[in-house]
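Order of writing sets the chain letters: A, B, C and D. Residues in each chain are counted from 1.
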């Protein structure tokens, strides 16, 4: 793996939030640590000091058991105030699966989740089309690139009202969509009924990103693929780039 | 007519959802809330008629509620 | 006192659970049922007082319902 | 002593008069009601192993890699590098039959607690399931509920459910089998045990609150047949709370890492009664508990109710007085109720207090060890015969293409994707082999090695010959592991049988246990623990005797594992083994002729071992392009599955010493199909020495063609086979 000189000097610092019930915290932690020039630490949901971080990951899992609604209780965790402030200051925040649901409930990303159309939990590999590669989370992908990333959720059926959808589309906030192998966003390639096959969105500023699929699960060939690596590579380059520019 | 169905966890049966909500409320500034129980509320429309009550009752038994761990009640309202 | 909270999917918004129930009813012998909507029914106890109504309203807004996809109503009953 | 109606209290609690007298002897007086309730559960079949203990002694349990055999919450196996695997399997048959979702969910909860009670982090769940025919609506309901329950609990816990099996046969219609296995990883110096030690140490109860749910649940349900009164037992259904269990898991592992625990034990069947007495028994100590401190969920609970409640998600630990506060702090961090409820004594008695008042005082050894055991006179049932069916017993079907399609659509053979896609089978990111193959393989992060896991049960064959069937189940599990390249190391087993008080059932149990013992000896895979589930009957009709084998193997190098998929055009297809396939007990017999009859072939354990070693060595040398054992549906289904998995056809030419349908669909343990690149054929032959290996064809095109006797017996586009195999289960469930 090529390591650029800057990243060796100042490591890119990731924080992985642990809510009670998070269960992809270790997977995310392991995934980012497989990159050179990275520091990673866990953040307890009661932490309020978030100093010295470049990117915060809200990992997958079942925070608070996903009781009531996914993410509904976690968003009140003490750490979320800090995460919001961090994002307001331009820090990078990525919510994966349950992390995405928490960002929605917290209002840090627009929209809401319904149960999957099939009413069942679905765990399988799906194809995603990268719609916007100008975010700090996707810059290392080609626009329109089709990547294989797994999903594992019960409530990933993304919903937003018409006006909201129009805004998302107009601002390029739809970052990834479910598609078939050819990149077509067909109903058959939509695993959960999401509006417009939406799999992940970012905020207007582009520094908060949420997606249902799990890029951290495809960062190693031995477990089925590496198509998720570019998400973390993008983050690392974005942070390193920013550091170099300042 | 319209049926409104209320489904609640049977008394004595653990309700993890209710418990978790109850425990999280103080952190949101709501003190003193207890006995939170989470159930389902289902609305449906069905043809008017004598048999409507019996039909809803049967639906609850067979499909809407799980009588092993849940109780249900319903009311019929015109409309 | 006791609060009974009814949470329903917002009108016009997809309700996958309701839809599935509606589709499966005919096979169980229930014809003509429509507009099945599945929501939540939450019971809780809280201290008596003037402010109870406002507190429940706030709980619903903040936590119990998601205003983007859900409506809520509640009633307070003594006990 | 209170007696309701005419019957004495002990009888209402399921004890026989003789057993009651035994309790009085052990106590030196008549027990009060609390004591009697505790005894009745500790001496139930479920906790006391009354009908199985003498026979289970036959199982081999020791080996150089076995760090912990039966007797603890789970077995532990040394996998080198200072690491170990904890594993255990359990049944939740009866609770799941009553409430499939919660029954299966709490089954997962229970087995997972067993694993982290050993200090291990759970890394995988497996779920061997058996239902009645999917043509019955109730069976669909059970299947859907059970799968959703396993999914809900396992997914929430973040433990991947990575393998299992699923069978549908009429024999399970009134009594489904829901077995669940959990596997954990632990550093050897962090293993915990349930041995209470050090009088003066404190007993800590933590996790959920205690309610009336599940009073007498698992143990009562699992200790009697199902009948009309099952309805009345319903209030005992327990509801699982995976979120609390996840916190419990993390809290336990945090306490382990901080060295805060003297001993740890989960509360399972018989709740506080069994957990406290078993911990005391292991340490040769006593325990005093004040149950007025137990956090209750319901008001007005009687002492006996608190003692036997089976509320889920609770653990009991022994901590030193010095470290108690630190332990409590960890519980508080994870938002778990936690109280010191008692202390370790040197009395060897379990004494229960309600505040100051002593409400029970029982000798620990009598509770734990002195449940009476029963030996029943075995009777061989009439359907067990000595001779197999004649090879021409059934008519030869006219179109074997169609027969193959029918078999591929059988719910016992078809794709199980509909099930495993409901499970998060990828969380923890260790899957070196995804579900759908021969066995699951997990890498171990930071090492080259990995573990392979599988479960195998074959009730139908055990019904025809329980000894041979059990031997075959062990052999198949080992074969599945070997086909991935893993060396089988150890077994955990779940013995599902009918009412052992009946001679015929006892016979099945005895034969199966002995058969399993023979095979485990041969493969050097000791039994590290397991579970016995009796009384799997409904209205007097027993299930097929079904000893389910859970087996673990070690993969030396996870980058070199075998898969079932055909790889490249031109690869040579080899059949290893010379077992003669038979129709007796086969899926073919069941689907086409609607019968289960005859006598199944026995496994040649010595030959089997050699063949498996060959496959493993060849995989390690990189010679094997695919490996798949011949099991349900015979050679033709085996070939079809490899073709479907690889999206490639094959042309196969078989000998003619048997009727073509038997060659294609007959079953016998001891056959493996491997493919090898042409260039490696010679190298493979050198490894094989004089073992029976025959070239039967090559990977070619996009059709599966099987010739025998000069004619195409099967000629089917792989695409069409894939369609039949892939769509069957969902169609059956939703059809």
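In this section, contacts are C-beta pairs under 8 Å (C-beta built on N, C-alpha and C of every residue); 3 or more make two chains touch, one makes a residue touch a chain.
The structure presented is a predicted model; accordingly, all values stated were derived computationally and were not measured.
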So which has more C-beta pairs touching, A-B or A-C? A-C
Which integer distance in Å separates the CA centroid of chain C from that of chain D? 41
Chain centres from averaged Cα atoms put chain A and chain C apart, in whole Å, by 31
Just curious, how far off is chain C from chain B if you go by their C-alpha centres, in Å? 9
Between chain A and chain B, the Cα-mean centres are separated in Å by 35
Note: chain B residues in touch with at least two other chains are 16, 20-21, 24, 28, 38
Chain D touches at least 2 other chains through residues 241, 243-244, 335
Each of the following residues of chain A touches two or more other chains, namely 64-65, 67-68, 73, 76
Taking the touch definition from the header, please name the shape of the chain graph: line, ring, star, complete or other. other
All pairs of touching chains? A-B, A-C, A-D, B-C, B-D
Which bits of chain A are touching chain D when the two form their complex? 20-21, 23-24, 26-27, 30-31, 60-62, 64-67, 120-124, 150, 152, 154, 214, 216-217, 219-220, 222-224
Which residues of chain D touch chain B in their complex? 98-99, 101-102, 208, 211-213, 234-235, 237-241, 243-244, 297-298, 311-312, 335
Show which residues of chain B lie in contact with chain D when the two form their complex. 9-10, 12-16, 19-20, 23, 66, 68-69
Over in the complex, which chain B residues touch chain A? Could you list them? 16-17, 20-21, 24, 27-28, 38
Interface residues, chain A side, partner chain B - complex: 64-65, 67-68, 73, 76, 78
